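The same chain A turns up in both complexes below, where it pairs with chain B and then with chain C.
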Partner chain A sequence: MDGILSKRTGQIFKNGVDTHVLECDKASVAGSVSQRACVFCGSRVVLYPITDALHLIHGPIGCAAYTWDIRGSLSSGSNLNRYSFSTDLREMDVIYGGEKKLYAALNELIEKYKPKATFVYSTCIAGLIGDDIDAICKKIETETGLRTIHVNSEGFKGTKKDGYKAACEALFSLMGKGAPARSAPFTINILGDFNLAGETWIIKEYYKKMGINVQTCLTGDGRIDEISSSHTAQLNVVQCSGSMTFLAKRMKEEYGIPFIRVSYFGLEDMAAALYDVAAFFENQEITARTKALIQNEMSQYYPEITKYRKELSGKKAAIYVGGSFKAFSLVKALRHLGMETALVGSQTGNKDDYEYLKSICTEGTIIVDDTNPVELAKFMKEKKVSLLIGGVKERPIAYKLGVAFCDHNHERKIPLAGFEGMLQFSREVYSSVMSPVWKFTSKREDYHE
Partner chain B sequence: MSSKAPNYTSTQNACKLCSPLGASLVYKGIKGCIPLIHGSQGCSTYIRRYMISHFREPLDIASTNFHEAAAVMGGAENMKVALDNLIRQYNPEAIGIATTCLSETIGDDINLLVKKYSSSRTEQSLPTLLHCSTPSYSGTHMNGYRLAVLSILKQVCAQSQKEIKLESTGSRKKIGIFPALISPADLRFIKSLVESFSMDAVLVPDYSDTLDGPTWDEYTNMPPGGTSIDEINSLSKADACLELGNPLDNRLSASLYMEEQFGVKAYQQRLPIGIEATDRLIHTLSEISGKKTPASLNQERGRLTDAYIDAHKVCFDKRVLLFGDEELALGLTSFLTEIGAKPVLIATGAVSPLFRETVGSISDMSPDTLIEDEMDFVKMLEMARDLKPDIILGSSKGYYLSRELQIPLVRAGFPIHDRFGGQRLEHLGYHGTLALFDRFVNTLLESKQETEPVGYTYFG
Partner chain C sequence: MLLRHTPAEQVEREALTINSAKTCQPVGAMYAALGIHKCMPHSHGSQGCCSYHRSALTRHFKDPAMATTSSFTEGSSVFGGQANLIEGINNIFTIYDPEIVAVHTTCLSEVIGDDLVQIIKKASDDGKIPKGKRVIHTNTPSFKGSHVTGFSNMTASMVSYFSHNSGSKLKQVNIIPGFVEPSDMSEIKRITGELGIKSILFPDTSEVLNAPMDGKFHMYPKGGTKSEDLIKTGDSYYTFALGNTASGAAAKLLDTKCKVPYDILNLPIGVAATDAWIDAMRRAAGVTVPESLQVERGQAVDVMTDMHQYFYGRKVAIAGDPDHLLSLTQFLTDLDMKVTIVVTGTPVGPKWEKEIKALAGDDVKVKSGLGSDLFYFHQMIKQDKPDLIIGNTYTKYIARDEGVPLIRIGFPIYDRVGHQYFPIVGYKGALRVMEKILTALMDKQDETAAEESFELVM
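After this line comes the complex of A and B, so read on.
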């Protein structure tokens, strides 16, 4: 195929036409401009929203500089997580080791900022020069009595998914410490919502109205104390399953907490999430409240959302996001707006995810795993899409093609989850697709139907 | 002068970036060149993401994508695969390789890797393989930037000794220009300025089109623009090489290298921000070209002077916290001193005793001004609590200070992540200084309007 590397052909699938197994869960091809980042990135995005922790990055300055205040996660209290702390390793540290510097940095930062706990992220270099980060963390814990957790996130030791796992291990290690054995009835944890633009608050409000207690959200608007007691909940409700399923499984093994997978994006999936949680508790009052809540929200937002359908109907869209669960919801949400998904993919989807994606996409839809700008541009052109949903790195591709764009990445500033989030999403899509500016792009006619 | 800055082991909200970013930016200014970062996938993705928010253009940077095996066995195989794939997918004229802390620490010799690759691919015509060593633990993004420029000249011009190309350009003189990290708009200005002296400029790098392009008729994997390898090659025969915002450390100087190696006369100048610094540049261009200053420039100079006078009271004695890359901070310092503002703290993130020395030697500098290197934003904030500045001048990262101190920020330099048009911000020459001056003055007025209860509708 033109513009497609031979090593990548297995990761591209034309729905209803191709017969090969869609390859995934692979390291990115060298030289391909993958949109993925590294192990460190995976850990950093998951733990970032924990507001009252100190996040210290042990390595040269880049890793910390590029992740300063990078997520759209909001806090109802401390903003310590928005700082970028680094041991800023230099040549001499690389030669003689960075342990002393790490120890001194931890002492000074804990003294200055008085965090509830500390995460020490290892980077490529910290791993290579052989610093015993575990020993330093232990020493600090003994001396300060403060939880100091080493996140094993050396950039090259796997993919972003391995970074998620390292973050889950770090979270798990906080749990079960000195908290009450049982919580109130009807108590859940939210896993995998990061309070982007306040989304966790929207979802928590729904649960409150249903009569469900939320013990902890991992990790949106996160607090160390809450996380430490999260093993007391009766159910884990997992969104962003790519990053958090590992933790849910660990908690099931250790604490016997069952989990369900949900998505808060789009009307259907949002409603299904609440119904599923209600169904778990088998309580009539909760079920009744849930029905009332959903009916109320639907009647409030559905007519407004439908207004956008008329003009968007029949247009085609492309989706490229980090996690595949989000892709599922977006395919469905776009359908609500009358739009068909002609190209869809994710950075980290697994075999089952892609099977499911195939089942909800129409014939001819191109499904891609760990794609790159060359492929994205090629397929967007071929499919004559009017919209791309992705992150900041994908945005210029859309704009140079004269195609509308909706940011659905972890940096977004507009809440897109929940019923009201679907209205915001519709507006986001509409305001880009229907903008008059596209008429000035010369090839607009060729790209669109 | 001893440092008055607080002393911390850790870096808190860094005022610097890592060296592969600087090198990648330089490679984006070479025609048909795609950058390739030899390290983990994260390095290239983070750097792309960081730069896209400023330039708002497609910014493909490839990675050799190290995994554990490569970290143990060396990255030669990854490099080979990456180069093969890049050539196949992008068909580039050049590939610009930057190393990382990872590849440097395991001891990959980039020179050797590139040589080995070239000799294994003799049957095909390869793109020019540019490379430089940019471990993140050494220096800042500006070191990476300088090292990339220098290594490009070394690799490209050195070859021209064997096969000298004499280009007929009539009576027009040709000058090489090596700018510090400046905006695409400023790059365009420099080109037109040199043109106004009827000379041909070859900029290394020139990302004015690749990173600030118009809409495209056709999507292309290689954005148009940039200086070609052939043009760079011709610089060994140039009439002069001019470094704008030259590195304080002469070992990183591209113009001195060209003078030493090829006898091309070297000129080094501060970034032309303000009247005096621009005068010096105009004088230099006039000297090289042997031509008089075009009348239009005198008009621009007059207009800038007129604007200075109109608004001089707004700026006088205003306490400014200035931060940025060494060269930009130096250029902005002379601008501030000539408008009567008072820098109370001039800070850079780099480790640079030379910065303190050089800024300190600027004439008209108040003896009270604190000049600090190796700074981060937490240190700046702590110092600012005592220094009580009225206004901040620097990149959008200064918003952190602005919010904490409740004083306005005038955005300049790189990065501008919280506003549109960072790539089009003007700072240089009479014209660019005027734009900067207007932003500075109007920000002060806006702040007065907002913070005082009167609701002024006239300011003079």
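After this line comes the complex of A and C, so read on.
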């Protein structure tokens, strides 16, 4: 295939046409313009929203600089997580080791900020020079009595998924303190919502109306104390399954807390999420309140959403996101707007995810794992899509092609989760697809014939 | 208060950088490499580095930034990255078909000790580099210097790989623009053209990272210095390096390698620095300054005169990259403003600090390198509140908390547009800087003035 690395053909699948098993969970091909990031990035994005913790990055300055306040995770209180702390390792540290510097940095920080807990992220260099970060963290804990947790996130030790896992391990190590397990009635934890543009607050409001208590959200608008007692909940509701299933499984093993997978994107999935949670508790009042809530929300937003259908109907879309679970919801949400998904992919999907994607996509849909700009541009053109949903690196590619764009990643500015989120999403999609700017791009005419 | 955890009182920190005023070398190298036509920057390290740099450049320029990565795994970190780089080179040429691959290292490959010269030679011996194509490299250990150092290193590598003295001098000069915006690079070319001087500008990111929207995705946009021009830099009769930190190394190397004499000048930001640069070029090329440039200069000076009362005595705190800071300090001082705080994260040493003091006076608080971050910058601002802050996007937290107007100059700028298209160099650039300063100061005045002193004519 033109423009496609031969080693990547297995990671591309034409639905209903190809017969091979879509390859995934592979390291990226060297020399490709991969859109993926590293282990450290995975840990950093998961833990970043914990607002009252100190996040110290042990490595050269870059790792801290590029992750300084890049996630739109909102806080209702502390802003300590919006600071960028780094040991800023220099040449001499690389030669003689960075342990002394790390110890001094932690002392300076803890004395100054007295945080609830500190996360120390290891980076490629910290791993390579062999600093014993565990020992330093332990020493600090003994001396200060404050939780100091080493996040094992050396960049080269796997993919972003391994970084999620390291973050989950760090979160897990905070739990089990204080109250006994599963004490509170009708109490859940939200796993895998990061409060981008305040989405956690919307979801929490729904649960409140249903009569369900949220012990903690991992990790949107997160608080160390809440996380420490998250083992008291009776159910874990996992959204971003790519990052949080590992933690849910750990909590099930250790504390016997069952978990369900949900998605808060799109009307159907949002409603299903709430019904599933209600069903778990088998309580008539909760069920009744849930029903009323959903009916109310639907009647409020559905008519307005359908208004956008008229002009969007029949247009094609492309989706390229980090986790595949989000892709499922987006395929369904787009269908509500009358749009078919012609190209869909993720950075980190697994075999089951892609099988499911195949089942919900139509024939001819191209499914890609760990794709790159050349492939994206090629397939978008081939499929004549009118919209791309993606993140920061995909946005300008779409625009240069004259294709509308919707950010469904860290940089979204308005909440896209929940019932009202679906309305916002519809507006975003509509306004970008129907933007008057496209009439100034003559080339787009040929592109869309 | 977003930065409510920042106290005014300053304590010496030894081991900690808070809210950095710099980033690491590779992103600068990647930016420089994008200024070569049909060049694919390649990051030799973990995937994350490449992804972060591309995201940073994309957020700053709002344009695609292409680069490939060696995608290190645990194995490569133990056994070295040779296999990854050779496979990478092969894949890049096969699929993306660039003319040049510009490899930069990362902290990871530096510490492992990969020998890039040897690996590139092996790739060449194994026939992985097609005929007529090139692989160049530079070393950019992230634990030394800053993004400006990385830019400087990649630019110097262009000289060491391309520049060739053929023995016959060409009637042209080299201009090394430094870590400036694509808009600044086109402005430098325009001014040189006005002077009637033929020039080679390298690197040149104009029309690469401010490319027009034409309904197509171009892996290699139209702009960038062509490799044949890079070769010819060895035959130019003179080199002008703009900004010592970002451009000095390449100019010196050109002199050593190809015997091209050079001048290292300050970045032409502000009237004095632009005068110095144009004058140096005029003398070297034996041309006269055309009326068109004299008009531009006159207009800039006109605004300086007209608005002096608004500039006079106002205190300015600036954070950014050393070359920018030097010229800005000069310009602001010439505007009769008072530069009170100057901070760069790039380690540049006492000579630079002395130069800043020579311009702004001995009581300016100037800091570079170790412990010089935006946390320190903020603390200095708390101790002596300025009327204006100049810095990159990250200084917006400080501006908001302290209620001080901000203008954005530097890298990165994630939250405004304009820098890609409107230059700050040259006389037109001086006008733009003045306009930005005046607008910021006057908006603040309008916002906070009492009703009776709210002025119509300013």
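Basically, the second predicted complex is superposed on the first by the 444 of 449 C-alpha atoms of A that agree within 3 Å, B and C clash if a C-alpha of one lies under 4 Å from a C-alpha of the other, contacts with A are read in each partner's own complex, and residues count from 1 in each chain.
Here, a residue touches a chain if its C-beta (ideal position, glycine included) is under 8 Å from a C-beta of that chain, and two chains touch if they have at least 3 such contacts.
Please read all numbers here as calculations on a predicted model, not as lab measurements.
Superposition of the two complexes onto chain A shows a clash between chain B and chain C. When both complexes are overlaid on chain A, the residue A:222 reaches neither chain B nor chain C. Legend: residue contacts after superposition of the two complexes on their common chain; A:29 is shown touching both chain B and chain C.
Touch criterion met: A:157 reaches chain B and chain C at once. Using the contact criterion defined above for the overlaid structures, shared-chain residue A:49 touches neither chain B nor chain C, since it reaches no partner. Judged by the touch definition given at the top, the superposed model places A:266 against neither chain B nor chain C. With both structures placed on the common chain, the touch criterion links A:80 to chain C but leaves chain B unconnected.
Common to the chain B-facing and chain C-facing surfaces of chain A are residues 3-5, 7, 27-41, 59-68, 83-91, 93-94, 101, 104-105, 108-109, 124-125, 128-129, 155-159, 373-374, 377, 392-393, 395-397, 399-402, 441-443. Chain C contributes residues 2-5, 13-20, 22-24, 26-27, 42, 45-56, 58-59, 62-74, 76-77, 84-85, 87-92, 94-96, 106-108, 111-112, 141-144, 146, 211, 213-219, 345, 375, 394, 397 to its touches with chain A in the complex. Those residues of chain A lying in contact with chain B across their complex are 3-5, 7, 27-41, 56, 59-69, 83-91, 93-94, 101, 104-105, 108-109, 124-125, 128-129, 155-159, 372-374, 377, 381, 392-393, 395-397, 399-402, 440-443. Within the complex formed with chain C, the chain A residues making contact are 3-5, 7, 27-41, 59-68, 79-80, 82-91, 93-94, 100-105, 108-109, 113, 124-125, 127-129, 155-159, 373-374, 377, 392-393, 395-397, 399-402, 441-444, 446-447. Of all residues in chain B, those touching chain A in their complex are 8-14, 16-18, 20-21, 36, 39-50, 52-53, 56-68, 70-71, 78-79, 81-86, 88-90, 100-102, 105-106, 135-138, 140, 215-219, 221, 378, 397, 400.
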